[in-house]
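When the chains are written out, they are named A, B, C and D in that same order, and each has its own residue count from 1.
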Amino acid sequence: MGNSFGKLFKITSFGESHGGAVGVIVDGCPANIEISEEEIQIELDRRKPGQSKIVTPRKEADAVQILSGLYEGKTTGTPICLIVFNKDANPKAYEHLKEVFRPSHADYTYLEKYGHRNHEGGGRSSARETIARVAAAAIAQKFLKETINIDTVGYVSQVHTISCSIDRNTVTREQVEATIVRCPHKESAELMIEHIEKARKDGDSLGGIVECVIRNVPAGLGEPAFDKLKADLAKAMMSIPATMGFDIGSGFSSIHMTGSEHNDAFILKNGDVGTRTNFSGGTQGGISNGEDIYFRVAFKPTATIFKEQDTLTKDLEPVKLAAKGRHDPCVIPRAVPIVEAMANLVVMDHLLRQNAYQF
Amino acid sequence: MGNSFGKLFKITSFGESHGGAVGVIVDGCPANIEISEEEIQIELDRRKPGQSKIVTPRKEADAVQILSGLYEGKTTGTPICLIVFNKDANPKAYEHLKEVFRPSHADYTYLEKYGHRNHEGGGRSSARETIARVAAAAIAQKFLKETINIDTVGYVSQVHTISCSIDRNTVTREQVEATIVRCPHKESAELMIEHIEKARKDGDSLGGIVECVIRNVPAGLGEPAFDKLKADLAKAMMSIPATMGFDIGSGFSSIHMTGSEHNDAFILKNGDVGTRTNFSGGTQGGISNGEDIYFRVAFKPTATIFKEQDTLTKDLEPVKLAAKGRHDPCVIPRAVPIVEAMANLVVMDHLLRQNAYQF
Amino acid sequence: MGNSFGKLFKITSFGESHGGAVGVIVDGCPANIEISEEEIQIELDRRKPGQSKIVTPRKEADAVQILSGLYEGKTTGTPICLIVFNKDANPKAYEHLKEVFRPSHADYTYLEKYGHRNHEGGGRSSARETIARVAAAAIAQKFLKETINIDTVGYVSQVHTISCSIDRNTVTREQVEATIVRCPHKESAELMIEHIEKARKDGDSLGGIVECVIRNVPAGLGEPAFDKLKADLAKAMMSIPATMGFDIGSGFSSIHMTGSEHNDAFILKNGDVGTRTNFSGGTQGGISNGEDIYFRVAFKPTATIFKEQDTLTKDLEPVKLAAKGRHDPCVIPRAVPIVEAMANLVVMDHLLRQNAYQF
Amino acid sequence: MGNSFGKLFKITSFGESHGGAVGVIVDGCPANIEISEEEIQIELDRRKPGQSKIVTPRKEADAVQILSGLYEGKTTGTPICLIVFNKDANPKAYEHLKEVFRPSHADYTYLEKYGHRNHEGGGRSSARETIARVAAAAIAQKFLKETINIDTVGYVSQVHTISCSIDRNTVTREQVEATIVRCPHKESAELMIEHIEKARKDGDSLGGIVECVIRNVPAGLGEPAFDKLKADLAKAMMSIPATMGFDIGSGFSSIHMTGSEHNDAFILKNGDVGTRTNFSGGTQGGISNGEDIYFRVAFKPTATIFKEQDTLTKDLEPVKLAAKGRHDPCVIPRAVPIVEAMANLVVMDHLLRQNAYQF
């Protein structure tokens, strides 16, 4: 279970890292959206391995195919199957990992859960699963942009000890894409890249923070009680591999303020309701208020490293383990499109949910 | 929508702050659990207003009644309705708020969403809704404790600028309940209480952090992809009113470590698989690994304050607003049982989900 | 599980026959519907016991209370709790049934499922549960009627061996309500009433058929594959206690026709697409086509009879059992509002689902 | 929406008749089931076109591929993608149908719903979609058989005016497969085959009844209120294309009996609880009682015929239409494995649901 996300724009993800394919079914996509494999591919290319010198060199084109749900270039309202066949699948490369639990990976937990697992490249627990999310969200992104001008921009604000402050009001995707680390602050970006290259040489890995802003979300999205917009965003982000934390608006730093400092006064903006500050991060009572939604996601340093580590085999024998082969010293740059994808999926779903009740 | 939580242990919450009642239906509770109104009341009493000098003085017994789903003191497997009739409902006290949007409250967003709202005490957006969660989770808590000895302990580790470090391995509920602020570190607790009392006098409010540890969760709970244990915990916590952030295990601080520092080496513990460190916070690949699950939840300073604030009426007239009447200067002490409740609901649901597949 | 119905207009039902109350939460009701307890009561009165000489004489006012979700007489979009407290609860009357399995009742299956059951009046398996459905659907019915003039009329077309043919195009609720058996064909109605009274005297029971027509459903409701309108109607109807069969349009009798006889030719009706015949029953490919939707529901003779029957105790002792006390010789007249209720719930849910995708 | 079925054994179906592929994701399959493409193919071959002289001659191998969710021949608990690439896709053959609504087909309703449709071979509304169900259910069938010996046998009992009575207690799949029409009564089968061949020559089509029995279902499956076993079976069957009716146990014929005739007396069978008769069809209160579950499904004569019919174009022009090309004069023989498939999916799902609560 657990491989579906969304209630009205529902995606169901499948596939393993070194199986035949990874893919996704989108059920509940509005009809009449013009979308092409090329448009989806643009997003997948931002996620794909081998895109720069600081990410994993696995060679995958990650070429997407649309198997159903479109006709004459437009969605038909019926399920869309998007699929990426694995090319660089090399199960043999993982032979030495069949009997051993890689520290801080899902090897042990999958075996405990299922009693049987595909260990090759992490099998189902591989971050290759996120291809499904990025591909599906490319359709949502296009719809949101064209229909109500919603604009989602993610970027890297911290890698390990190197952090910077980005103006979330003005940042653009062009600025983000200008550096291979996807940090729009150029000086910091250079430091981050150096830092990541050093980690690669050390056989070590680094974590960081991806921030994201969603603009032009109309007021009224999100539901009371459990399906608050912030709650669904939290779930969406914490379902991405390697995430360790999420906060929205002022987030953890809200604690250092008092209520009178933190409350967002309502004021007139262009003749409509707005807020003077936006510590709330664009939602109040779990429902969007029309201001920008922004949040942060913390990623741990990835678990695959080349340094020798202590661990156990599945027969409970202590062993030393050092990863071989390919290695992603910092997933943060590739995580940016995944964070954006999940944000777009959440907003799309809540837009449809809200729309259901408009008569 | 959005008033249900859980897939197999599913709760549906209803009721407004100053309506007739707040309550909950539990659908999917195992049969044969012995539970009484008194046992549920113990948890509600930890959440109720007026329990100490540092929380809102609203006078509510919050006395729970079981309307269905039990027979001869034991659950029957059919839906359990738990209800708390509102006693101190005083809709008139909110007359002055009918036309005005309280800053950082849900007044504006509910009106935008629904076009019609109950403004009395926040109506549905009131934190009184959390009664439903605490009541329902009391049943889950008993089952988890009795069936597999799962133990959930929440506590306050920070109020505004006053923070402390608690040993999550040893903290007990008795230690937590020993202070009215529910911080098990006595010296810090006294400072926090002073600080909250000052905020009350100032008509201001304070936020803080609730930490929580869940012990004895068996390995194997949680699902791949979207319904990861950490993702469902994140959603659960971020669905609580006033929450701004969530992190698990090493959380946001994981960023300052490298992979070789952060990875949790597998070692033998009592002849079984364990980890030397537990930066992962008890889950890997979204699935529990048998180690303690622990996480933090950030609460903003609550929005109701007595200080004068700028805002708008629903006719877009700028006005000055100062709350009258009752006021909760810091919700953190009362948030502890709510955080525990949501944690127990998530674990209970995933326990049933995992159990479904054991043959 | 299993106590919720609907995806966007979702009801969750609770309560036992002789427990404190039966009730329902409606989650996902549009805001701004004017509805009163009196309007809901009208529908409940059509379902309630003791309404005529041919139904069970249990004395229940079945007076509904609205506990949440309304403000100033209009729905707020938040969960609506409707509750009916049981008045004529007399658990002692069922003492003799505690240890014995009533034939064709749910006594045995509930005990096998849950290992613990409330035997009083059937507990949760009692048809009193349908109060929840009728109450919730009264709101849907009002919305459907006022918003798009949808009109649902159910009626009795057969009781045991007495059947009649009703013109489904013209039948009105007034005609239906004109006889206590809810058969709009007066001569047949009289025969049915006589027949039911005889069954009562014999301590026996009778089944029959309820037919239902839904008018003015716009084309386009229903979903491909599994959530076809006919499939959801089938589930809705077969979830009513004592139902044994469902067919739609020409139903089982379609088998005697060939394709060329059965196909519904498309023709112009008032300048729009219509069909010459309507053997399809208003849906094609699972989706409404704008023609009247009509279907039949078969109810078995109810299981409670006064005649002596063979059965077993829960200790597997063979015994003779004859019911005592009250007895409903034919549930068909009271089933009419339940069938209509379920039909309205299905249409309401699919209307919201379809509306979600209209941009 | 609407392309998923099941709660814990959840299938999501995708694909169009003449698109690239049809397929299914199974999410929630227990791990460690040995299953091969060959075993799934056996079931698909029973459904596939061209299997005999009385079904559509479309030439499709319908060869299934397993794209994910298995490792070393056994399920891993992660999503299983089963896919059948379309070989005999010939979109051009449907050019003449692009602008016209075929009577009693889904052409008009899909266009009304979505505003854009794939008309080729019915697109998503084609019965080719049922490949997904049969393929997914083959895994459930194997698990049910091996784990608890559940045995599902469907068969044809009526084609148009030719009906026969089959002993549901003894009928075997071997007997069913012995005739191409899947009627285990040989004399009737021969008449049915003749009758179907005549219909083909006439360019007309015939409907009929598929009956199905499910043996060895343990007592306790099914849920109170809405997810009754009979309700979920009804939905499952009525979601199959061309179905018009469903009844269970004594079904519509129960109406001719009185309660004293219809009630199933509990008696001892092999030292355990059984019933003397089984008019209930194996469920009481919506929950299985351990007796055989049996039901009937009515299929209309299929809509595709070669005879000339009146209809409209999408510009509302009246036209005459006669189908060209291939034609299935009677879908009943191929419907048998689909009915069995849906039955197995329902039982599998409820088995997991019940298992979730066993501690």
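As a convention for this text, contacts are C-beta pairs under 8 Å (C-beta built on N, C-alpha and C of every residue); 3 or more make two chains touch, one makes a residue touch a chain.
Just so it is clear, the model here is predicted, and its values are computed rather than measured.
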> Where the centre means the average of the CA atoms, what chain is farthest from subunit D?
Replying inline: B
> Roughly how many whole angstrom separate the Cα centroids of subunit A and subunit B?
Replying inline: 26
> What is the distance in Å between the mean C-alpha positions of subunit A and subunit C?
Replying inline: 46
> If you average the CA atoms of subunit B and of subunit C, how many Å lie between those two points?
Replying inline: 39
> Going by the touch rule set out above, which residues of subunit D reach two or more other chains?
Replying inline: 1-4, 7-8, 13, 28, 31, 77-78, 113, 124, 224, 353
> Touch graph across the chains, line, ring, star, complete or other?
Replying inline: complete
> Within the complex, which stretch of subunit B touches subunit D?
Replying inline: 7-8, 28, 30-31, 77-78, 147, 224, 352-353, 355-359
> Hey, which residues of subunit B end up touching subunit C in the complex?
Replying inline: 1-4, 8, 10, 12-16, 19-23, 25, 27-28, 31-32, 65-69, 71, 74-81, 83, 113-118, 123-124
> Which bits of subunit A are touching subunit B when the two form their complex?
Replying inline: 1-5, 7, 13, 101, 103-106, 108-110, 112-113, 124-125, 129, 158, 160-161, 199, 202, 204-209, 219-228, 230-239, 241, 243-252, 254-268, 271-273, 275-276, 279-281, 283-290, 298-305, 307, 309-312, 316, 318, 353-354
